[in-house]
Structures are given as C-alpha cells and as structure tokens.
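Below is one structure; the comments refer to it alone.
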Amino acid sequence: MSLWEYANPVKFMGLSSRLIPTLSVLTILCLVTGIVWGFFGTPDDYKQGSTVKIIFLHVPSALMAINAWMMMLVASLVWLIRRHHVSALAAKAAAPIGITMTLIALGTGAIWGKPMWGTYWAWDPRLTSFMILFVFYLGYMALWSAIEDSDTAADLTSILCMIGSVFALLSRYAVNFWNQGLHQGASLSLDKEQHVDDTFYYPLLFCIAGFVLLFVLLVLIRTRTEIRLRRAAALAARNV
Amino acid sequence: MLALFLRDLKLAIRTGGGFGLALAFFLIVVMFVPFGVGSDLTLLARIAPGILWIGALLACLLSLDRIFQLDAEDGTLNVLATSPIPLSGVTVAKSMAHWVTTGLPLTIAAIPLGYLLNLPSIAYAWLFVSLFIGTPALSFIGAFGAAITVGIKRGGLLLSLLVLPLYIPTLIFGAVTVIKAVEGSNPMPSLMFLAGLTLLSVVIMPFASALALKANLS
Amino acid sequence: MSFCVDKLCCVRGNTTILSDVSFELATGDCLILRGPNGIGKSTLLNTLAGLAPQGHGTSTLDPDDIAYSGHLDAIKFQLTVAENLQFWAGVYGTNTVASVMQGFGLTELANRPAGNLSAGQKRRVGLARLLVSDRKVWLMDEPTTSLDADHTALITKMIDDHCQSGGIAVLSTHIDLDIKNAQTLELSQFKPEQARNNDVFLEGSF
Amino acid sequence: MPDLGKYADTVILAYIVSFVFLIGLVGLTWLQSRRAKRILATEETRNGK
Amino acid sequence: MLALFLRDLKLAIRTGGGFGLALAFFLIVVMFVPFGVGSDLTLLARIAPGILWIGALLACLLSLDRIFQLDAEDGTLNVLATSPIPLSGVTVAKSMAHWVTTGLPLTIAAIPLGYLLNLPSIAYAWLFVSLFIGTPALSFIGAFGAAITVGIKRGGLLLSLLVLPLYIPTLIFGAVTVIKAVEGSNPMPSLMFLAGLTLLSVVIMPFASALALKANLS
Amino acid sequence: MSFCVDKLCCVRGNTTILSDVSFELATGDCLILRGPNGIGKSTLLNTLAGLAPQGHGTSTLDPDDIAYSGHLDAIKFQLTVAENLQFWAGVYGTNTVASVMQGFGLTELANRPAGNLSAGQKRRVGLARLLVSDRKVWLMDEPTTSLDADHTALITKMIDDHCQSGGIAVLSTHIDLDIKNAQTLELSQFKPEQARNNDVFLEGSF
C-alpha cells in the first residue's frame, strides 16, 4: 500500500477522521504545557525582562509561517506532477493557517519591538521578509478565490507557489543585502554559544511542537472542509 | 515568433501609443513626488534613485495586463495556442515586445527625469545601466503574472498583487545600485545581482508562463 | 492523412458534457456536428483542438495539422484587414494573403481597420485565416454566423474545395449547409444519460 | 500570575493578540467546516442518496 | 440607479475582490518606498504624508478602467444608454460604487500603513479626514477619464495620462493638509479647499462624463 | 403607438451608409431589415436607438419606448443568469424575471454563471432582457444568431406575441423568419449610388 492512496478523497476522509481525535488531544497537551510552563515557569531575562516570554509565541509562529509555505510548495508540486486532488486542496487549506501564523509572528514581533527597539515597526530585513511573505500569502489566496474552475485554480496557484518560492528566497537575500538589521539571529541552532538558555529552551520546544501539531490538525480539518465543498459542487454540477 | 513580436509592437504604437503612455505615466508619477513631499532639493536628491526606480516599475506594471488579456478576449490566444509557435515562444515574443515598448523608453526617459529630482550627476550612468539591465526582468516577470490572470476579466489589480512581490528583488538591487553610486561606494555587486536576476527571469519565466497559459485555456 | 477519435469524453469544469464520442475521418471527409444549443459542439471542437482538458478517450489528431476557428473571430480591431491576415501568414509561415483576400472579396476592404467592419465582414476575415494558415484539418465553430446567403454559399464552396483537395473539415452549424460528401454527427446521442460526472470526489461516500 | 514587571502590558498584549488570532483561526475553521457539512448534506439529499 | 450601484458592488466583490486588491496595491506601493529610498526612519517620516496620498491615488487610478470599459465591451453600455437611467445617473452610480470599493477601504487602510512609514502620531486623524473627503473627488474625476477613454481598447495608460493631471489639485490639497498637521500649523484651509474640490467634482463631473459617453457611443 | 422614419441618413465615421430611409410602423407591425453583409442593417438599428449620430432626416421614435439588442449580448459573465436579468429588471423598474425565465427555458440555468453558458444559451439570456424591459419597440440585430431551430421558433413566436399584444419590432436577419404580418425592407435600395460622403470639407474646392 502506498502513501499515494491517501490522495483519494474517500481514503483521506477515512484516515483523517481517525487521526483527528488523537491529534487534537496531543495538540492541546503540548500547547498548554508549553505556554503554561513558558508563561508561569520561566524567570525574566536579565536584559529583556519579562518580554522574553513572548518568545514562546513568536518563534513557533514564525517557524510555522515559513513551514506552512514549504508544505504548500510540496503539495503544489505533488498536484502538478501526480495530479492528486487532495494534495491541491491541502495546499489551499494551509494558506489561511500560514497567513495567520505570519500575522501572529508580525504582531508579537511588533509588540515586542516597542520596548526593545522603541518602535513597533522598523525596516529590519527579517521583519521585511515577513511582510513580503504576508503579501505572497495574500496573492496566493486571492488567486484561489478569483478562479471558478477548481482544477484551473489548482494549476495556477501551484505554478504561482513554485515561482513565488523562488522569488521569496531571492527577496530574502535582496533584503539582507539592502539593510543590516536589528533582529537576533537564529538561536535554535546546535551551536552552544548562540543557544538560548535551557530554561527557555525546553518550554519553547513544547510550544513549537504544539504549533506544529496545531498546524497539522488544522490542515486536516480544513482539507476535509475543502473536500466536502468540492464534492458538494460536483454533486450540484451533476444535478443541473 | 518574429511576426508576433512585430505585431505586438505595431499594436502598441497603434493603440493610442504604447510608448508614449508608459512614459507619460512615469513622468507624472515623478512629478507628483515634489507635490506630495515638498520641493526641498536635498530631500529630493536623496529619494531620487528610489523614486525613479519605483516610478519605472509602476509604469511598467500598468501596461502588463495588455500582454495577454486582449488576445484572450478576441480569441487570438486560442488560435495562437493551436499555431506552430509554442506557448513559451509566444511568451518570449510578447515579453520582448513589452520591454521594447515600455522598459526601453523608460530607461531612456529616466535620465531627464532624474534631473527633475536633482539626482547627483555621478549617478546618471548607473541609473541608465541599472534600468537597462533590470527592466527586462520586469517584463518577463510581468508576462508571467499576466499569463496567470488571463482568464480573469479585468484582473488588473490581482495581477499587480501577484506581480509586485515578485518585483521586490529587482527593485532592491536596482535602487541599491544607484544609491551606492550616489554614496560613492561600489555599485558593481548589486548590478551583478540584478543581471543575474534578469537572466534567471528570462530563462525560467517563459516556461512558467507557458504552463499558466496552458492551464488557463478553456 | 486521417485521424480517429475513440470514446472521447468532453468535460467542462467538473461536468462531463459528452461521453464516448467516436468517429474516424480520412482525407476529403467533412464532418458536420449538429445538435441543439448547449449540447456540446463547441466543447467537442475545443477538445479536438487541445484547447480544453481531455477526459477519457483518445484522439489521434495531430495538433500541428489543425487550423481552428471558434465563436470569436481572432481579429485585431486596430489593424487593417490586410495586416490581420499578414500577421497570421507570418505565424503559420505562409505566403498566400493576396490570393486569399481576392477569393474572399476582401480586397476592397484590405486597408480598412478591422474594427469598423460589419459583423459579417469580420466573420469573413476570421474565416480567411483558415485558408491563410494552410493546414490540413479545419475545425470550425458555426462558420456561417452572421453571413448573408451569398457569403454562406462562398464559405460552403471553400470548405468543399478544401476537402476535395485532400483536407478534412469538422464544423458545427445550426443551418443546413450544402456540402458534398458531408457526414453528419448528431451529438445528442452522446449526452450522458444521467448527466454523468467523472469527478473523483463523487466516488464512495463520506 | 507571575510578576511581569514594567513590561506587563507588552507581554499581556502579545499573548492576547496571539490568542485572538489563534482562536479566530480555529473558530473560522470550525465554522467553515460546519457550513461545508451542511452544504454537502443538502446536496447529498437532493441527489437522492 | 440603485440597481446599477448594487450590481457594480456585486461585480467588484465577485471579480476576485475589488476591495482587497486596491488595498493590496496600496500596501505594496507603500512597502516599496523603503526599498527604494532606504529604511531611515526620519527620512520616511518626512515623506510619509506625500507617499501615502500618492499611493492611495495610484491604487485608485489602477481600478478606474473597470468603471466603463467592461460594460462597453460586452454591450451593456449600449443598452444602458437606451434605458430609463440618464447617462449622468449611470456615472453617479458607478462613481459611487467605485468610491465604496476603493476610496473608502483605502482611507481606512492608510492608518496602519502610516505607521509603517513612521508617520508622526498627530497626523493620523488628518490623514484619515483628508482621504475621506478627498477620495470621492478621485472617483468622480476618474469616472470622467474612464468615460473619455471608453472607446479605446485597453486604454488604461491613456486614461492615467488624462486623469493624473486632473488629480493634481486634489493631491496637493490632500497632502498639504497632512503636512501642515505634521508641522503643527493649521491644516484647515487646505482641508476646506479639498472639500470644495470634492463638491465641485461631484456636481460637474457626472455631466461631463455623460457628454463624453454620449460622444463615445457607436 | 406608432412612429415614422423620414428620409433618414445613416452615417459611420464620415461615410453615408444609407440615405433617405423612410418607413412607418404602427402598433402590431414588425419590420424585417434584409440585405447583404455590410449594407447597413446594424447601422440603421443603432441610429434608430440613438446610439449612432444621425445624419439628415428625422425619426419620431421616442427613446423611452425602445428596448435594444445588438450583436453583443450585454450579459455579465460573473453574474448568474438570474442575477443578470434581475439587474435589468432593476434598471427598467419591472418585476417579471421569474416568468420570463420560465418562458425561455432558462429556469434550470438560473444559478449558472453566465460566463460558462454556450453561445446559444448566452443569446437567449440576451433576448430575455427584451421581455424583462417591458418596452414597446424592440430593435433587434440578428436575434437568432447561434440559436438552434427550436429556439429560433421560440424567438419567432415571442416576437409574434409582442407585436400581437400591441408592440412593434424592427429586426435584421439573414435567415427567413416565420413572423406573421411582417413587412420586409430591403436595404440595398437605400445605398447611396456613388458612395456619398456628407463631409463639409468636401464641399466646394480650394
């Protein structure tokens, strides 16, 4: 039995309905643990004070904002190459989640920026790239909603996602080239020097796991919704 | 392909002037800036490279929807799709015609308009070169956006939304080239990036556009 | 020169419009598609031309043999009649514009912008393109729309000549055209009984 | 409630904003899912299944 | 007229979102400015009022060609011309629909975008009011331009060329209102001029447009 | 209800297409314009509708009585069939959409976006507008274009009924329509002998 079988709507509906309950429990567990531990169980940072607690929402959402796009890219490629309908719908389902994650990262970042940098918004490369990512999501979603025929829409959004990924990457380099920023570098790396302190690290891992699970869960639910709508449209078309 | 290229040029000239109008738009956008921000010359000089690049980009953007929409509406695109020219060839011919009728005149017009904005004199050569090298990327990327939105009636704004983020790297490398020149530092690295970007667009965009057109044919 | 269409399904959106269309055409044949409005004539022609996604079934028609003319005329209003045809001659790499215009009585309109021709004149320019393109298989969607009696006869003769000289024509029409050796295909017979739908989302239940 | 010091507003605001977005997303997903179920149900019954 | 107004709103929403797209364009124009001129916050603050007004104006401009062109192409305009609604009524309905789908959302969006450009906090109220009062003029003047160019296939650029000079007074009084507010002097006089301009446009433009439409009917 | 056209000249650009067209129609009359392509049928209809500039001559047709249908269908592809007709009902202040759709067999298409109808279905929506607008004088340019035989009969009957119930219809066509009491006007007779040109700049010599 190959993985591709789940590209069939019926199979997918069956599998996902069995997965969702467990997944929901896990998601809530991880999120609650991570956030409660992070919010109540960590000390203040010597430099950033209590604002460091924002990291437990900021970093996971920032990661998911990027990963959601990655997942959309993979799903788009699967649609373009193997034409599995569920795959296209999963990409469509992920976009609103991705854009929400982007907004959370931007929002928490902006709020964090006020005490740290003295302004909600600065044209720092990292922040700017996120703004650009936001626009990519916006364009992707607008394109989905502008086209009636679902297969055409899937084709075009997939192509856009592909080209968009290339240019998002280019923008990232361009933006770095354009401006040196204020934002800290990646600190989830294995390099011990840059690593955030362990007291923040473990709850952060829980939060990240929670966000990942939440993403998977929501993608499943939303894909199911899209499949239902698609089936309803197909039935309606048959009944005219 | 040559026939298509020449016809597109002819149509651009015939339809109330493809050349003249992108230029006029560029001129007016650049003119609006002093109205909007005041006429302080040092301020204008500082923002001149950016404004010129942004103005050229917007002027270019405004004519993108012509690239495929007109041909789709009167059935020409359907016939072209069954003709000996492959769809990627169609895109190349049309992108090139678009560049000749907008990118090229904009590049040339940028020089006198730079004077209006008090651009420092060392920067003119770099402005010209960066626009000359950068605007083809704008046309090829724009053709891709036009190919994607061709099925959508008057998708002009959607087109802009899709295309503008794709334009960001070009804008940054282009404007940075001129800014570096104004500041007296070395503009070559960003110019090289810009050239790379244009090459990349010229190579991959026609195929992406052909895919999009194929998907859009009804 | 011949081609064969086997159990072809034509789809629009997610709906199967026609199912299991089969026919075979050889040099000199002309096929007239008939059927009421909305039965799927244009859809079938588009599918043959490769302009619509194909469902199940096969067609051995080579895209490089096709000259297609749809409901729209594919002419540029800003260009003159001659320039329009010249353009298509350039695309198809042929060289017969002058003689084609002669044959279609377009010579006196040659320098008029196509935009202010009458409906029938535009249609004639659109059809002249088929001759200019010099392709073997003509796919024509209601070619005689807005043409008067004389010009309808002219087009009929043009199709006749094309088939006689080794071409193939597939066309749809609502009026009776007087074409020799024409076969007629009534599309109503291919309408799926209960509007069938080949959508994967209709399989199973959930 | 831990003592958040002078940055209390900032931290609370960040958490509130995030939760509003997250809850909004989950709620939207739920609403859309319900709507889709309803639409599909009417369509299935209309289809005589 | 109400039917026409409502239908235009419906079409704007149906066609991939009239609302969203003008907004998106506005957002992107504003985003481009820092890429072009650099991210210096004091510089941005200085040019913010002008850029915001120019951005709103361009976003508005981009959707002007929808106003009549689509209806002309599919024959609706001919039928409307023979219908009980007078042509000036047609223009009013369409200008108003245009304002509701672009001017109004742009006005609201200008506030957060002002923050991106580091606009000083006293200026927000004035920015909002000036846009709220000024954008109807943009729609009514724009409709006039659209009426003049309706016979020209994809006259987008010609339209811009005609309309942009007509937009200059609106831009000046609008931007000056905000700039005065930033500088701490009295923005009321220019705001009054702006209001007068809008009133004038609302009163005379529909008739001018009706004349232009009449001349353009074939 | 009647109107009278007297020595009307129809112009396009600076060319006089038809000169001295005269006819009179009264309640219940139907006038069929005939003539080869490009003779000026559409031009005459546009002139009557006030959509084209008028040359010499007079027409007593009141613009407020007209419902016009040209070569184009005036439907919005993004709106559904019902929404399209509803819009026109709103413009004309009438309230008959449901019954009109019934009569035209459009009820089952009511919720389909007009954009993916077939050519004939679009045409039907375009013609249904005439009924919705509830006007006395119908000006129709080739109303039966792309319609199949059944629907052509339907439209013919609709025009018949309209005239019977006190309306007037002026239409152009290339095929023979079976309308009772219809008068036919052959436009070839109004063609200016030597393509006349009414441009003031041709007067005198300088």
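So that you can tell them apart, the chains are marked A, B, C, D, E and F in the order they are listed, and the count of residues begins at 1 in each.
Operating definition for what follows: a contact is a pair of C-beta atoms (placed from the backbone, for glycine too) under 8 Å apart; a residue touches a chain by one contact, two chains touch by 3 or more.
Note that the structure is predicted; figures quoted are calculated from it, not measured.
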Fill in the blank from the handout: Hypothetically without chain B, remaining chains sort into one piece
Handout entry: Count of contact steps on the shortest path from chain C to chain D
Key = 2
Exercise for the section: Could you work out which chain's C-alpha centre is the most distant one from the centre of chain C? Expected result: D
Fill in the blank from the handout: Matching the CA atoms of chain B with those of chain E requires turning by an angle in degrees, to the nearest 5, of 180
Practice task
Please state whether the interface between chain C and chain F is built from the same residues or different ones, using more than half shared residue numbers as the mark of same.
Solution key: same
Fill in the blank from the handout: Quick note, more Cb pairs in contact for A-D or A-C? It is A-D
Fill in the blank from the handout: Cα centroid separation, chain C vs chain E, in Å, comes to 44
Completion exercise
Distance between the CA centroids of chain C and chain F (whole Å) is 28
Handout entry: Mean-CA-position distance for chain F and chain D (Å)
Key = 55
Completion exercise
For the pair chain A and chain B, the C-alpha centroid-to-centroid distance in angstrom is 32
Completion exercise
Contacts with two or more other chains occur in chain A at residues 132, 135, 138-139, 142-143, 146, 148, 178, 231, 235, 238-240
Problem - Per-residue multi-chain contacts in chain F, two or more chains - result: 71, 77-78, 116
Exercise for the section: Provide the list of chain B residues touching at least two other chains, using ranges where the numbers run on. Expected result: 15, 152-153, 155, 158, 161, 164-165, 168, 172
Fill in the blank from the handout: chain B residues touching chain C in their complex are 2-4, 6-7, 10-11, 14-15, 74-76, 78-85, 217-218
Exercise for the section: Report the residues of chain A in contact with chain E in the complex, numbered from low to high. Expected result: 119-124, 128, 131-132, 135, 138-139, 142-143, 145-146, 178-179
Fill in the blank from the handout: chain B contacts chain E in the complex at 15-18, 21-22, 24-25, 28-29, 32-33, 35-38, 43, 46-47, 49-51, 53-54, 57-58, 62-63, 65-66, 69-70, 73, 152-158, 160-161, 164-165, 168, 171-172, 175, 179
Exercise for the section: Show which residues of chain B lie in contact with chain A when the two form their complex. Expected result: 144, 148-149, 151-152, 155, 158, 161-162, 164-166, 168-169, 172-173, 176, 190, 193, 197, 204-205, 208, 211-212, 215-216
Practice task
Within their complex, state which residues of chain C touch chain A.
Solution key: 13-15, 53, 194-197, 199-206
